[in-house]
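Okay, here's the structure, questions in a sec.
As written, the chain order gives the labels A, B, C, D and E, with residue 1 at the start of each chain.
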Amino acid sequence: MTIRVDVIRQAGAFTLAAQFASEGRVTAFFGRSGAGKTTLVNLVAGLLHPDRGRITVDDETLVDTGRGIDLPAHRRRIGYVFQDSRLFPHLSVRSNLLYGRRMTPRVERWGSLEATADLLGIAHLLSRRPGALSGGERQRVALGRALLASPRLLLLDEPLAALDEARKADLLPYIERLRDEMRLPMVYVSHSIEEVARIADTMVVLADGRAVASGPVAEILARSDLRPFTGQAEASAVIVARIVAGGEPGVALVDHPAGRLSVPGLDLPAGRAVRLRIRARDVALAVGEPGLISIRNRLAATVTGLAAADPPMVEVRLDAGGDVVMASVTEGAVQALGLRPGLPVTALIKSAAFDRMSLGPLETDNPQASRLDT
Amino acid sequence: MTIRVDVIRQAGAFTLAAQFASEGRVTAFFGRSGAGKTTLVNLVAGLLHPDRGRITVDDETLVDTGRGIDLPAHRRRIGYVFQDSRLFPHLSVRSNLLYGRRMTPRVERWGSLEATADLLGIAHLLSRRPGALSGGERQRVALGRALLASPRLLLLDEPLAALDEARKADLLPYIERLRDEMRLPMVYVSHSIEEVARIADTMVVLADGRAVASGPVAEILARSDLRPFTGQAEASAVIVARIVAGGEPGVALVDHPAGRLSVPGLDLPAGRAVRLRIRARDVALAVGEPGLISIRNRLAATVTGLAAADPPMVEVRLDAGGDVVMASVTEGAVQALGLRPGLPVTALIKSAAFDRMSLGPLETDNPQASRLDT
Amino acid sequence: MFDALTPEEWEAVHLSLRVATAATVGSMPVAIFVAWLLARTRFPGRALLDGFVHLPLVVPPVVTGYLLLLSFGRNGPVGAFLENTFGIVLAFRWTGAALAAAIMGFPLMVRAIRLSIDAIDPGLEAAASTLGANRVFVFLTVTLPLMLPGILAGAVLAFARGLGEFGATITFVGNIPGVTQTIPTAIYSYTQVPGGEAAALRLTAISVVIAFAALLASEALSRRIGRRVLGK
Amino acid sequence: MFDALTPEEWEAVHLSLRVATAATVGSMPVAIFVAWLLARTRFPGRALLDGFVHLPLVVPPVVTGYLLLLSFGRNGPVGAFLENTFGIVLAFRWTGAALAAAIMGFPLMVRAIRLSIDAIDPGLEAAASTLGANRVFVFLTVTLPLMLPGILAGAVLAFARGLGEFGATITFVGNIPGVTQTIPTAIYSYTQVPGGEAAALRLTAISVVIAFAALLASEALSRRIGRRVLGK
Amino acid sequence: DVTVFAAASLKNALDEIAADYREETGKRVLVSYAGSSALAKQIEAGAPADIFFSADLAWMDYLGERDLIRKDTRETLLGNAIVLVAPADSAATLTVEPGMDLLAVLGAEGRIAMANIESVPAGKYGKAAVESLGIWSAVAPRVVQADNVRAALAFVAAGEAPLGIVYRTDANSEPRVKVVGAFPADSHPPIIYPVAMTTWSQNPEARAFFDYLRSDKARLAYQKQGFTFVAAGS
């Protein structure tokens, strides 16, 4: 799915002027509070209208002020999970969930009330009114309601912010299944880099109403010029590897050109490509043999550059089998190890450090996956 | 501040029956969505009333159904930042912020509109109406409004959930200053263990309307029987160490009985005690002398136990200078290193892995700090 | 008190109920539509429509009745048209009394409904539209149910007003026992002759009782709706 | 049209404005209080109060006027009390006309305000109380401002009703040119003589114009309030 | 059924006559009571009235001019008188005569209650009578007009107005007022109630009841209410 946006919209003191094209199956809108994420999502949904510009999804023009096109929201078939849940207060949870279903042609429906409610953990709430739900419960019902309308594109505005970690961990795989099995394209608004890295393949970084960057998640997260927007602590690389047979139960062995990794918490069949986010702060470096230590994941790499980050940390860029990997180490360590460009090193990555939030299977037809086969 | 709660309240299908006493300066209410956190906070605020039971804060009885006491909300002087921001729609942001101020006796006021607005990054919004704010902006105004009423106790119901990482990183130190400098007691509802570990000294774990555990944060997080509630990936230890002179700029050297650590991102004077959260997944173990690796923080420790966690991970409990530290390693590593109780090991902790969210100074009068001097 | 009613008075009570009910029920769809137009749309002539809706409040009922007589009477343009085209006669029929009551209660109903519409969060309607509901469906499934408190309040006002309507009714359809004589016009007759006060007060008490019953019913209904709509 | 008004008619116009304004302004605090009682409290006799408020709608205006005469006349219990205690005389004064108009418009005002109160999120009042505001202060700074749309709507209805009020007024304070003769009583006189229609319609047009102006003003105000209250 | 449009002040008399008629003939008579003006305008607008019984000459003339009544049936049936009344407990004594001192009885701010002096017959007659006594200009500012004679009577009965001018028929039946004096019949135009059949009426029964209205039985009913029976031509 390709989303092309080139719009200008002014309201009060805030001007949104965003231009980008996103090729990904899941596009993340990322940016600080007040950057314009919700405004942009509303424009895509058809709830706000641009002063000038156009938005297309694949070949369909949603709005084009030049040509006088503006498809009304209800004809866009774009699902929207609002930042505030906006449940219908006069309807039971069940009726809320089923609201959009009536409007969907029978052949295009997918999912069922029971399955969705079970998955979201709201099956026991079906006969309640929204007024008697907790904050997180409301948000889950809102998600179910949008899904059961079987949209062609799903907009999620910080859908997990109100949820606890355990619930998040339950829901993320479901969102992935929507992405991979239902092939449901999504726009995902979040300020959690973990979530973005796990779910999205493309991201658009917004700041002050402007799209300051857009592109593949791995590229954006690796760009140090975007660090002010994406966050220092979150410098990270996203690498793609392929699952091989032979892991112990609950651990997947994955092959990467630079070495073999064992990744806990991944339960996918051999042959499947996966996306792994490796945060710079989770990578340690060894020069020569590291000794008897518990870190068993090792990638052979070469230092390609050193960049000063927040003192005293230094960001070491590595080439690991063609992928960029970063390590965040102290200046002291740089000196002690004599790190310099060209030096071969071993990147040490704890198995436990693969973030559960950012582990996910790759869309099977993602072009990144094919690289592994060459 | 001591908060004692022993209440029963039934509404619809949900019964809250919580009993606990919290001694801490900051008490976290922690639990899954729908566990009853908001309900409990409302009881403390005086917005809901227990069917039976009592709530006292220090020596003051807020409500006691037995004695027929029920202090009205407006006389409790308890600030409340709601999960939904509840700004007054008819007032400007400025008037919202100043609303509670008029009611506060002049001598008890602290903070100023300008300083608070600057800190919360809402100074440019003062003349707006709440209707024209983004989700995160609303939440910041709500926080400012509660603070400017100069409460004696502040209830924060997931105050940071709607905020981006950068904004969270800005606000957390402010909340700490409220805790340490203004000595403002707080109840903090959150499902982020990082935040809880950083802010709170006591935590109450809620599940299905019951307080399943309460006590010092470090203790609760270390208890493996509570892992179903606190989350597997989040197993962590909280250790207390004291800052010593001699760190490079931006890195604090801290002394712990088991060794010296350098911690980036801590800017506190020497002599100050700090609280460090060390997540099990960030700790690697070495048996014998490790090779030339970038991990420079090493604590001398002894294995005290091995506990199976989510396969293939094993949680290794360590005694490091009297503090419990945990390391999460794979079964493969346990075998390779021959880990067993009694084995002396070196705990390796990357400097970069200290979570910015969970780094914070200790309340100066915290009893844990005095242990360091013995 | 009740068994002291003459058959003619019983007829008046019966007729009043019929008139007030018909007026309330009949004007409701129109009032809902007009309220929605006024609250949610901008069109040229909107202010004029708004003013027009309020006219029956301002214009003395007798004048309203007279204007009705001129236009809806058998010789009036609208009345003649209705009679020739649909065979509907309003003048000097209970239907005319219902029309008069409907018109007098109309501004009350429209205002109450408008207030309810204004209180609806447009975000809910937006949410419905993203779920595929077109404007009409959004209106029927979201706006209308959330308007119920206003509709109910408006209906109570209009019903009560319909029970009490006198000036326009007697001027438009007269005071013919069993045909157009409602409680208020019957009361009027009594007040115009010596010794009629007791009968007038008795009839007044009856309409008060009826209105009270309607009010209690509406309050009960509104509590149910309130629970449903606002989850209270 | 306007210069065709006789001085007496001008007086009636002037008096009508005064009566309708006084009725609206004077009854507003009471209406706000009663609406609040009905919407937000439960007490024994609440249903009775609710019914009582609606009475002026149901009871024919002439009867209302007659009951006013009996109780607020100089010899009536309330009237005598008011005169002896405060020196306030209502009978045959414009103040009596204002009282009649206020009573007739009261149910309309109360209902509109109640609807607005019901639409207020109690969470906002709870928030205010955690900021230290006591019940009165919460009411003044949160509830009352958020009620403004309803107060305004109620005021427009009551004002319009006051301009059009006839039956209760003439029965209570009669028709004394320059003292109690309002536009509707003047209109009524015209309708009672053959050939008086033109004059009646002329006066009607004037009250329509006045009501229209009030309506436009209220709409402008309500747009401002709407922007403020709902951030629209 | 016969439909009669009658001035509201005739209710008691006509109700009794209609009941008698029904007893005698088994036929039902519907009487719509309202102000003469409203009735006349309704007849003009096509109301289904067979008989118009007015309290006012002007409105009967109005219909006559428009050929809405059968002029050959028009007849003056009843007469009435106007009297000066005061509350029953009033000490006022007055003789109705030219130049009488009404203001003395009214006191500093008392008012005299009358029906509307321009539009309601009782008011018009009252005004003419007071004018003929030569004191209208003094009395005029003190007049409080009601929309009908019953409301004027109520002002006096409630003690709000020290004096009032009303029909004798009303005064006689109201215990809370007493008649202070009667105005001479020549001090005002004759107070008469005309009746006629409408041109619209095709109802053969109407004629029968129209005749019954002039019967001796009916006459008793009118007189019981205090009207004088003045059937024209008789």
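Throughout what follows, contacts are C-beta pairs under 8 Å (C-beta built on N, C-alpha and C of every residue); 3 or more make two chains touch, one makes a residue touch a chain.
Keep in mind that what you see is a predicted model, and the values were worked out from it rather than measured.
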item: Shared interface partners, meaning chains that touch subunit D and subunit E; value: C
item: Count of contact steps on the shortest path from subunit A to subunit D; value: 2
item: Chains linked by the largest number of contacting C-beta pairs; value: A-B
item: Distance between chain centroids, defined by C-alpha means - subunit A, subunit E (Å); value: 91
item: Subunit A-subunit B separation of Cα centroids, rounded to whole Å; value: 27
item: Chain centre separation in whole Å, for subunit E relative to subunit C (CA means); value: 35
item: Junction residues of subunit A, two or more chains touched; value: 84, 132
item: Where subunit E touches two or more other chains at once, by residue number; value: none
item: Residues within subunit C bordering two or more other chains; value: 62, 66, 188, 191, 230
item: Touching chain combinations (by label order); value: A-B, A-C, B-D, C-D, C-E, D-E
item: In the complex with subunit B, residue positions of subunit A that touch it; value: 11-13, 31-34, 37-38, 83-84, 124, 128, 132-137, 140, 158, 161-167, 191-193, 231, 233-234, 248-251, 262, 264-265, 280-282, 284-296, 310-313, 327-333, 336-337, 348, 350-353, 356
item: Subunit C-touching residues of subunit A, taken from the complex the two chains share; value: 45-47, 72-80, 82, 84, 86, 88-90, 99-100, 103-104, 129-132, 145-146, 149
item: Interfacial residue positions of subunit E with respect to subunit D in the complex; value: 35, 37, 40, 58-59, 61-62, 111, 113, 116, 118-120, 143-147, 151, 154-155, 158-160
item: Footprint of subunit D on subunit C - complex, ascending; value: 47, 50-51, 54-55, 57-63, 66, 107-108, 111-112, 114-116, 118-119, 149-150, 153, 156-157, 160-161, 163-164, 166-167, 184, 187-188, 191, 200-201, 204, 207-208, 210-212, 215-216, 219, 226, 230
item: Residues of subunit E touching subunit C in the complex; value: 3, 5, 8-9, 11-12, 30-34, 38-39, 41-42, 45-48, 148, 150, 169-170, 172-174, 225
